[in-house]
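Everything below concerns the one structure shown next.
In this document, chain identifiers A, B and C correspond to the written order of the chains, with residue numbering beginning at 1 in each.
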Amino acid sequence: MTSSRRHLEPLKEWLIERFIWLCGVSAIFFVFAIFVFVFREGAEYFFNGFKAGEFFSSIEWYPTSRTHVRYGALALITGTFSVSFLSMFIAVPFGLGAAVFISEFCPPRLKEGLKIVIELLAAIPSVVWGFIGLTIMNSLIVQLFNAPLGLNMLNGAIILALMSVPIIVSIGEDALKAVPDSYREAALALGCTRWQMVFRVLLPAARNGLLAAVLLGIGRAVGETMAVLMATGHSIRIPRGVLEPVRTLTATIAAELGEAPVHSEHYQVLFIIGILLFTITFVINITADLIVRGIGKK
Amino acid sequence: MFEATDQTRRKQRQEKAIQYLLTAMTTIIVLPLLLIIFYLLYKAAPILSLEFLFENPIHGMRAGGIWAPLLGTIYLVLISLLIATPVGIFAAIYLNEYSRESWMTRVINLAVVNLAGVPSIVHALFGLGAFVLFAGIGRSILAASLTLAIMTLPVIIASTKESLAAVPHSFREACWNVGATRWQTIRHVVLPNSISGILTGVILQVSRAAGETAPVMFTGAVFFKAIQTGDPFAYGLLDQCMALSMHLFTISTQVPDVPEALTYGTAVVLLGVVLLFNALAIFLRVKLRGKKKW
Amino acid sequence: MVDQPVKIEVRDLHLFYRQHEALKGISFTIFPNEIFGIIGPAQSGKTSLLRAINRTLEFTPGTRYSGSITVDGQEVGKVRNVYELRRKIGMVAPLPVGLPMTIYDNVAFAPRMGGMRQKGEIDATVEQCLRQAALWDEVKDRLHTLGTNLSGGQQQRLTIARALSHQPEILCLDEFSIAIDPVSTMRIEEVLKTLRQQMTIILVTNLVQQARRLADRTMFLFEGKIIEVDRSEVIFSNKPAQQKTYDYVNGIFG
């Protein structure tokens, strides 16, 4: 290297470091940008005329009415949470059970294969899940429950459960793997059966990670769009039973955005729903992170 | 003295029961994947053929093939890949090679997790607001690809970070000791030995991008677009396109009287592409594990 | 002694790992072309000292120091090009490291980073450095096999060859023999004796006998403080200046 190039060495390195730093913080920039640009599209109506009270308490969602436009989103909010929680009801026991199985009871050769299957399950696109809900699950529910319609809360919940299980299994398994072997050995030495060891020692010890796994599963369920759009039906009202069709917040945006004229009131309200969804998943993610950090402090 | 007591026998039975229960639970989760694949294949069988892939949809999408959506998906995937990969790799390099334990690093990691957790419809709204409208690109492959790129960034970051971290620290120290700069060390030693992990991330990104519907639905993908079959350059960057994922949605919910085999066939192709890529990533991961240079 | 040229001078160095003070105000001098030994039990701060001199200490988070370290009269913290400083100093770490590339590429790495392009030139450099490190005969027929496949002793000599490839004026060895066999250790000690004519050598070791064999002057570092620094004949004699030195050298503690 010539001496002039030698002088430039630290400068070149500094420039490269700046560029890499820029890429590093880009994630922050993008999250911020998502919030800003989504809020921007709904901001005007949000500050002039948006009735938050009606939005959160009324089930009357008539955005395209010619005479009396109403944006009551309560039914949609209920739709989102009812499907999500029902799906968690199914997914959490199965997911945690499978995580425990893979982590503690599974023969090693089977383990790798199982994990691959779970990974593939996680890879299935949401529109394909929606299609499955529309076709297979639909007829299954109609046959099994003699329901008039197979596109309902239960359909959506089962599909969402199958979609969320992989997250719960993989993060849950990580949480269990993180518990030191000494815990297991101590419990077994005291005469516990394997199951008692799991139930009384491992699960409490991995509590934080398992909780985070469940939270992230909820986040996935709440944010899911295409699958619920295709599987839960089109009825906007508070469901009285699991066999009733519902509509979620996500599905509403997807279904109505194409029809709403750009920058109209309806359009802006849909963006406001977007902000609501962003906030919900943001809070869930931060909470899950804080809970996981709780382990680090032990 | 060591005969099994009643209590011990009960414990053992309990243990067995729980083991069966857990096995059952795991099987219930795993079985659907196999059943679904078989059922879809069975229903799609009548229509699966090479013509299906290379012909355009005709008769209002009630017949024909999926060439236009397939090509559109390829465009979207390739372009989003080209955008997301460099940014993702460098972001991972920053996180693993340069950043110190600080609140800033924690915020970045939080941001990456959040980016991965944002609902796909919100990504669609973002793409619409930022690229289609604000940046004025309009509904186009470019806008949709940008949206997909940001959405799939966390996949590349996570995979790359993991493979960078697997390179032993002693290699870096040995390079610094002979006067190599941090970047020289990364470029000549760390990165080349992380290729497998990076490749895995790229493959996963591709599979994710191919399967997404909502983010492309409002930023560049359309209901129908007529293009020349067999022409790989049929789409332009600022054109709108059809997409396989959206096509499945369209023909199963928006168009009446579509023959069953056609919808199942589209689902099979989409699922097949995605699972194939994921299987490839898994295969690579396992195969390259044995090929390490240290 | 005042007008003798000085290669490295350390004055009142305090070195901290977060809150812990690893070096507590040490001062000493190293002269050109001598083998300077540093002995002392583990955790005395010996490794941190070396890493402070070639400024790789700053890659470990939470480290800082006060005081002065000068190489050829230049304060190391204030050099214009830190990479040049590191090229001036060769460093051999305790655990042998072969970079994940061929043996040839291992030794060619630093010259190539420095801009060397001519294959003939690189070939010559690689051979010279491997010969100087007493490794050439063992690897000359397999230069294009992986460096990581060598034995520990061979990898340490490979590290020395790597260090020599950027023509250092100072060679630092940090407990180079703890992870390798005695035969390799002996061979490397022979190498060091030949190298001292071309460069200054700092030998950190916990093997008292090794320092006795090789070092011209030796410094006894204990818990971050210099107990004694003097000619080796004095340090290893029956009457060093400090009782502690005698005790350590003779294995009474440490």
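Here is the rule we use: contacts are C-beta pairs under 8 Å (C-beta built on N, C-alpha and C of every residue); 3 or more make two chains touch, one makes a residue touch a chain.
Quick caveat: nothing in here was measured; it's all calculated off a predicted structure.
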Innermost chain by mean C-alpha position: B
Pair with more cross-chain C-beta pairs in contact, given A-C and B-C: B-C
Longest centre-to-centre distance from chain B, chain (CA-based): C
CA centroid of chain A to CA centroid of chain B, Å: 16
Intercentroid distance (Cα basis), chain C paired with chain A, Å: 54
Chain B and chain C, separation of their C-alpha mean positions in angstrom: 49
Chain B residues counted as touching two or more neighbouring chains: 181
Multi-partner residues of chain A (at least 2 other chains): 9, 13
Contacts with two or more other chains, residues of chain C listed in rising order: 83-84, 114
Complex contacts: residues of chain C adjacent to chain B: 54, 56, 59, 61, 83-84, 86-87, 90-91, 93, 95, 97-101, 109-110, 113-114, 146, 148, 159, 162-163, 165-166
Residues of chain A that touch chain C when the two form their complex: 1-2, 5-7, 9-10, 13
Complex contact set, residues of chain A against chain B: 9, 13, 16-17, 19-21, 23-28, 30-31, 33-34, 37-38, 40-41, 93-95, 97-98, 100-102, 105-106, 114, 116-121, 123-128, 130-132, 134-136, 162, 165, 169, 193-196, 216, 219-220, 222-226, 230, 250, 253-254, 257-258, 262, 270-271, 274, 277-278, 281-282, 284-286, 289
Residues of chain B touching chain A in the complex: 11-12, 14-15, 18-19, 21-23, 25-26, 28-30, 32-33, 36, 39, 86-87, 90-91, 93-95, 97-99, 104, 107-108, 110-115, 117-126, 128-130, 133-134, 150, 153-154, 157, 181-183, 207-208, 210-214, 217-218, 245-246, 248-249, 252-253, 263-264, 267, 270-271, 274-275, 278-279, 282
Of all residues in chain B, those that touch chain C in their complex: 100-101, 170-171, 173-181, 184, 188-189, 193, 292-294
